[in-house]
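Following are the structures in question.
You will see chain A twice below: alongside chain B first, and alongside chain C after that.
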Partner chain A sequence: MANQRTTGRGVDLYSLRHVQQNPIARMLPLSREQAMVYRHGEPSPPAGHLDGYAPSWEVVTFVIAPQGTAQARVSVQRDFTLLAVNTASSSNVSGGFLGQMFDVMRSVRLADRGLQQALMGGNQGPPGPSAAFFLREPYPFHEHDSQILINVQNLEAVQNAVQIALYGVCLPFNRRHSPAAEFPGGPVGSAPEKRPTTGNQ
Partner chain B sequence: MRHARHLGQEDPYIDTATAADPVINPPGLAPAQPVTKPVWVDPPNQWLNIDQIAYGLLPAIGATVVIISFPVPIGYNGVINRLACNFVGGGWVEGSGDVIWKVLVNGTAPPAANSYNSIPASLGSPANPVPISGFRVFENQVVTIAAFNNPAGPDGGIVVAGQRVGARLMGFLYPRELEGNGLWV
Partner chain C sequence: MDPQLADQFERQFFSYVLDRVVPANAIQDPNQLQILSDADFEWWWILASRTSNLLKVLMKEQATGRDFIQTTASSVAGVQTFNGIQIDLWAGTAAGTAAFPLAVPYIMPATRTYSLLFTDTSGAQNTVELVFSGFKLWPRPKG
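This part shows the complex of A and B:
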């Protein structure tokens, strides 16, 4: 019966094989996505709405007292889209730390409870980090003046130096020739139209 | 989990008994609006109490004793807003750091409540706990008060001679459905 179909041939309603899951990063090609996790050496780099986007690592660092807690806010660049999370800690005997993230502008908590380090940033173990956690679906922080609130609780009985790196793509504010429209909030001070030209440009 | 309140459903923040009280809302006058604060500020009608008190023997130098440990019951969130910790016996100087009390949730300080993981003072007494800024607790979390005989203290910890460390924790629980959708941190 499947061969008699004139439309949607090859489409399995229960498969995500032909569904583009990561349209912004496009780290997974639509064909052979199981074999090709990353794109290497593509002749055609991202263009169109992706033109001008750049990799961005938003990094927060904490030095937390034994079994203490700390918070940090990150003001992300324009159109920041979270793609991956990686973590590191100086001590990971009792689980390292618990981490929570919140989308401040949308009032959304990305984790209801603190997430243990191994679940947040890959399978961890002393020493050092081992793997990043890649989001299958990117999470965009596209609200104007978006912020990420990060809450970290140290599970260790010793002082812990914790670093969380949020990897994504963004539209850097200091690009010289930005093809994308500014946010509805208006052009930022460093927008190309407002910048004085120098001899180097 | 937070549930949206449906149209026509009774507002859980309004105490209907208070609103119908003829002393508070005399007949013939415009009915006063009962003042109800969020459930994490004032307990709602369906509140349950938290009042835990216990003592433990001072542990050996470098060791920790768990004085109080209890799980937040399923279906309830709550607030801890009163605390006491004390020392019974000799050999300890208040504030020296030789004994450190810790209020922990799931083995670490509650989020954004950093000072409770290292308390160097006896706060109030179990008979008279002191108000604290407090913190919220959520269902299934394990709330613990522990005391640590600190070898890094000025006296190198306290030589054990039958002393006791005590603690008391007070607060209230409320059905988590009453939290509403506006609470996101």
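This part shows the complex of A and C:
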């Protein structure tokens, strides 16, 4: 049978062939998805489109005054794709901090308003560390020169050392990826060898 | 990798382990982990055990100079030097959480060396065990 995904003869509702998926999502049955982490019985790594990408942790550290706010701008590596978020703070009596992220190049905010630390990502406790918050689907930052803007508001009455760890994958420097967008400043190591030309040149 | 394609490797579950007693207040205490020469290693999970969670980690790949853990954030008031990610945000711990899944596996080539730099802020010796868990990749015989 040509297409095993169809639900009926001649029916192809949609194809997932070019859809980027969080590989972990495929491991999870819809019931008790938080408890079902690991896949079983698949012959190949289910990395899909991100196969060959390298793990990367973008770590943002703040030391914020009591009740203060801070802002940081992260220039992500090429083709960075966000998979998970983890947070930590030195004080967490009144909720730690509120954090909000923006995708600068797309002008998209990733949360309606600032999220409490415990809701933004896994954390290191106390009382004990909790597992990382994994996105159900990866969030790609694939525009060139992509940046993440992070706003943090300290909820504590004391100085707070805050760390936000953004786990994702990015394109290794020594790999070519032909669909990758070209930087305006000229070709780079992983750029396509031939740039498209137009007829009026 | 397209799961429809036949994979060329047999996978043998394997864990690389790094043990270190980090001196009190050490800053970027260097340690090395080398992949064995018999097979490439497909890295899937990270686990850690530590005395205190007041410990930061940096990881670098020596052959390529790749930093796995970095910050590109513009300078933030009060932060002097970037010494890495807090260990409990990087690895699942024996006490609290399950192993941290990379989700997209990373191939560590045979014989390649990785540097792990620990920074302790607990003020006491910190006994650390890092476990890189995954699979050795054995080429499947052509038949």
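Keep this in mind: the second predicted complex is superposed on the first by the 117 of 201 C-alpha atoms of A that agree within 3 Å, B and C clash if a C-alpha of one lies under 4 Å from a C-alpha of the other, contacts with A are read in each partner's own complex, and residues count from 1 in each chain.
In this section, contacts are C-beta pairs under 8 Å (C-beta built on N, C-alpha and C of every residue); 3 or more make two chains touch, one makes a residue touch a chain.
The shown structure was predicted, so the numbers you read here are calculated from the model rather than taken from an experiment.
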Partner chain in contact with A:54 - chain B first, chain C second, else both or neither: second
Which superposed partner A:154 touches (first chain B, second chain C, both, neither): first
Partner chain(s) touched by A:107 [first = chain B, second = chain C, both, neither]: first
Which partner reaches more residues of chain A (counting touched residues only), chain B or chain C: C
Partner chain(s) touched by A:70 [first = chain B, second = chain C, both, neither]: both
Common interface positions of chain A, toward chain B and toward chain C: 70
In the complex, chain A residues that touch chain B: 65-71, 94, 97-98, 100, 102, 107-109, 113-114, 149, 151, 153-155
Residues of chain A that touch chain C when the two form their complex: 22-24, 37-38, 42-48, 50-51, 53-64, 70, 72-76, 83-84, 86-88, 122-125, 128-132, 134, 150, 159, 163, 165, 169, 172-174
Residues of chain C touching chain A in the complex: 1-3, 5, 7, 42-43, 53, 64, 66, 68-74, 76-79, 82, 84-86, 88-90, 92-93, 95-98, 100-106
Interfacial residue positions of chain B with respect to chain A in the complex: 102, 104, 106-114, 117-118, 138, 141, 182, 184-185
